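Both of the next two complexes hold subunit A, though its partner changes from subunit B to subunit C.
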Partner chain A sequence: MRSEVVCVKDPIPGQLETRPALKVRPFVIATGVAATILALALPFFGATFAITLATEIMISGLFASGINLLVGTTGLVSLGQAMFLGLGGYGIGIGSSLLEAPLWLSIPCSLVAVAIVAAAIGAICTRTRGVEFLLITLAFSQMFYGAAIKLRLTNGSDGMSGIPRPDLSALGLSCDDPAIFYYYVLAVTAITLLVLWRIVESPFGSVLASIRENERRTAAMGYAVGHYKIGAFVLAAMLCAVAGILQSQYTYFINPDSMSWQLSGEGVLMVIVGGANAALGPMIGAAIFILVKQGLSMVTTEYLMFFGIFFMLVVAFFRGGVFGAVRSLIGARP
Partner chain B sequence: MLLFVLQLLNGLQLSMLIFLLAVGLTLIFGLMNILNLAHGAFFTLGAYCGLVVASTTGSFWAALLVGPVLPFAVGALLQYCVLQPLAERGRSTHLDLALLTFGLLFATAGAVELLYGSAFYSIAMPASLSGHVSLFGLSYPAYRLFIIVAGLAVAAALLLIVDRTLIGATLRAGVDNREMVTALGININLLFAIVFGVGAALAGLAGVIAAPIMSVYSQMGIGIVVTTFVVVVVGGLGNLRGSFYASLIVGMTDTMAQAYLPEVELFAVYALLIVVMIVRPQGLFGAAGRVA
Partner chain C sequence: MSALEIRNLRKAFGGLEVIANLSLTIPFGQRHAVIGPNGAGKTTLFNLVTGWLSPSSGDIRIDGVPVGCGRPDRVARNGLSRSFQKNMLLENLTVLENLRIACQALHRSRRSLFRARTAFGEIIAKAGSVAERMNLSDCLHRSVKELSYGQKRQLEVAIALCAEPRILLMDEPAAGTSPQERGRLVSLINALPRDLTIVLVEHDMDVVFAICDVITVLSYGKLLVTGTREQVQNHPAVIEAYLGRHHA
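For the complex of A and B:
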């Protein structure tokens, strides 16, 4: 899943100094600033349609970022991340409708619960790699999918409705307003991405990248590779759960379909479209995916077929992703 | 007791159906290192191709013969024209190829939906097999018995081919050492395409066989293919005999769970997989230390 061949042999010392990171940075900052201004100003000139579309993009982008932490950063291709998206949504669904807990309590509790579940699942899944990892994550997500349909706790295949949005009446605002909800999602997305960026840039993130490049060598350097992989798995799961919480608040609804493996596949597709290694890639991938999906839904009802064909074309011909293509266009790539 | 024997037979019947799918998947993985997530698409293609043949000729047997032809052609062409060139360009790892076939799975389901809508179809059972057979003092549908016999026959034929013929020897050699086989002057690309096609045809055969007892619809392959993955992992990726035993284990687990513990029905098979992964990550019958 590497989007570029990284030199595994020892690099020439001088080359280390002129890493593309330095050249990319102004570009990244410029896009970042532009994106921030655009994102903040959108509700003032955009139609409601544009606002809801942007909300959807951010939620999907968070989901894709969670997948990217596994696929792009650590090199573990999972086809089961939708289970954590669903768990997050069901977490606050059960918390608010059955336990009648307020959101400030049910959201942290859901995230902790997801982290615990993910640690257990991750401990089993990370014993394998490659296609076996892909298959076992898929199996786990199918198991949760089955459980969500069967259990009375989750109201079976009908799902749970009435998922609450945050109550901002103290500020005189109502989250039912698409623009207000948009700002709420924007704030959560910005904070989450900032935290994610710090994690990827931290020594912990470097170890994850080195596991992707050469797992044996990383282990030989004395890192407990297994623990790092479980750590990445838990963090990725929590990111997906955050996306799931926002998603269920966005639709006021959660049902077993949000754990389907097609959704996991869509997330992987967004990551590939955005470029597996890039920091902002998942967001851009999500944006392209959502826009293409919207565009397709206007011209055809056969979404499934075009999704499949789009997926195949992207995997076959578009490996660096859009972000990689843009970067090579402006000459930032070595 | 009678009920248990009945469930045992039902389990055996489901196992054989799963085996027809799993054997192709495991052959393809063993030889080409490609995890064919689109295997369920061939199941669907076979069923629909059989449906068309059955409705034009009115004969189930014609459908059984012709149904697998379309999956064979699509599978062989996919390998020869798409997967093989991509693998040779070196741009794609086998994980990318797996994701590509994932796209194909949904594209096929969508295409079938475009052509035939999302209605449910069925192929009529042949008259000669629509009765019941008395067996161990109970009456069992002849058609289900036919599925069991067909599955066992395919298993026996495959074992015979793989173990006793030159083609089988080439195939086994290809699994062990691809370069060496190429060096001996064998057109490995052609062999790969044929094996891919045969695997797809077996999945298509399963589709036709399943059509009289299961409903035929556009997404029929998406559900069953996940069960097949469980079989392939439990049996050990690329292990032909393992996939047979694992089909029995998975088919029986599923049937018994449905009969005696309906509340765990949807996840009994996955729980089985997870236990196997904890105890033996390389699969129950896999050679130790195989790195996929």
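For the complex of A and C:
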């Protein structure tokens, strides 16, 4: 790759914007087109099992992408993101199931509520870093988990059922059909990932990368680091909440387990396996996580043991995750 | 008005007094060195001036504006920039990205969420111009990890310059460099505009004498003397505490 690096001597804006040319661009485009065609065509040739599995992968991938905005982009490892997945689910549960508000109202209200809660929690959590940040997010998550079990509003440990899916009867479609719901999740996932990609590639995103690389230097450059970290925390929480909304619609149900720290841990694992700091890494990680779990559970009842060994091997041999390994293999630069 | 005014500054960590009743005034455009043996309080002084530490007592003013404690970002935006003793670079990013992010800090786009980072051509042009000034144009697209140590020290200074500071604090910019790299760095610093106030902490006296007009000597947090090269070299307390007879 070194020989392809373009060194620019004259500070001409047009030239400076030029990044090292990558031979892999056609490969990346071809892969993207193939994945899009596959995703769109899946309901036409895939069994219902495959469609529901793909739906689960997208929802988990979205959740992992929210975690990745903190872990991979900003360098903040959180063990509390399931709290926001649960809050998103409970938000739509309380709004649409309990108060019988329409989805077009309950979904935005749920996201706004999550953003407000995340800003308050983020203002406290982002004052810490490293292990302290991990533990304080875990503590908040457990606090909300406990509240979800105890509160009458959330129906305690029984959870809330009857969470509605979008009503598409005007189009002659029903979201109860797994294929239609799959397309709904696919559309939401695609739009959300596109927005996330724009954020990561924006000036704001580059400040988050700078914080990950060196927080002290970023502050010395003139950035109010705390504000950016809170911003990242809120955006990550909202992404997790979108995943929570889809998850609760997928199962028509939400209960306190969706806020458990184990779920947050699984999300972090997906990010590490797929590849942190890569747009599609969390989605790939989610696919591997769910497929391996599903595959092993069909072969043996002791699947968790093999599952652990598999992830140890991935972490040991693919330091940049599977996405990073593929990237190295084809010679691309991060 | 002075570029930097420090009055009766004191900093103690528990019972250990690191800066003791220090007063110092640096006018605009001056090239000022702060020297002293290890533990004299030089880096602590920098950390106080840049808002990283809060003083136990005393007052620091940059161009007449008091330094806000705990907000180094505001200090940087107020026109005082610094380079660090140990490299504080964005190691996994390219040289251009390091400089672009530094230049973006003062630009209205710094909070932009949805526009591409490459959409702001003026920031990239400014990053390129700073790179050229610090002789880094040939390695703009190289990862910082691939740079030599001397180039990393140049990048440290370049990042500090991106904020268009009126006052530049440099903490041992030549530390760890080879004689050739040191010579190049001194030339680059001397080529900076004369209206830029430079405050330099440095152990290498050749670097200090090559860059600075005025020297302040600290010892155990106390100011021994402030003066020109000759005044400092001939000061008995300095000879005894720091320089030795070689420079006398």
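Heads up, the rule we're going with is that the second predicted complex is superposed on the first by the 287 of 334 C-alpha atoms of A that agree within 3 Å, B and C clash if a C-alpha of one lies under 4 Å from a C-alpha of the other, contacts with A are read in each partner's own complex, and residues count from 1 in each chain.
We take it that a contact is a pair of C-beta atoms (placed from the backbone, for glycine too) under 8 Å apart; a residue touches a chain by one contact, two chains touch by 3 or more.
These figures come from a predicted structure and were not determined experimentally.
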First, second, both or neither for A:F306, with subunit B first and subunit C second: first
Partner chain(s) touched by A:L171 [first = subunit B, second = subunit C, both, neither]: neither
Touching partner for A:R217 - first (subunit B), second (subunit C), both, neither: second
Touching partner for A:Q262 - first (subunit B), second (subunit C), both, neither: first
Which of subunit B and subunit C A:V225 touches, first, second, both or neither: second
Which superposed partner A:M298 touches (first subunit B, second subunit C, both, neither): neither
Partner chain(s) touched by A:S202 [first = subunit B, second = subunit C, both, neither]: second
Which superposed partner A:M143 touches (first subunit B, second subunit C, both, neither): first
In the complex with subunit A, residue positions of subunit B that touch it: 29, 35, 82, 86, 91-96, 98-100, 102-111, 113-114, 226, 229-230, 232-233, 237, 263, 265-267, 270-271, 273-274, 277-278, 281, 291-292
Residues on subunit A engaged by subunit B in the complex (per definition of touch): 1, 77, 79, 124-125, 127-132, 134-136, 138-140, 142-143, 145-147, 149-150, 261-262, 265, 268, 272, 302-312, 314-316, 319
Sites on subunit A touched by subunit C in the complex: 5-14, 16-17, 19-20, 195, 198-199, 201-207, 209-210, 213-214, 216-225, 334
Touch list for subunit C against partner subunit A, complex: 50, 71-74, 76-77, 81-82, 84, 88-93, 96-97, 100-102, 104-107, 109-118, 120-122, 124-125, 127-129, 131-132, 137-142, 159-160, 162-163
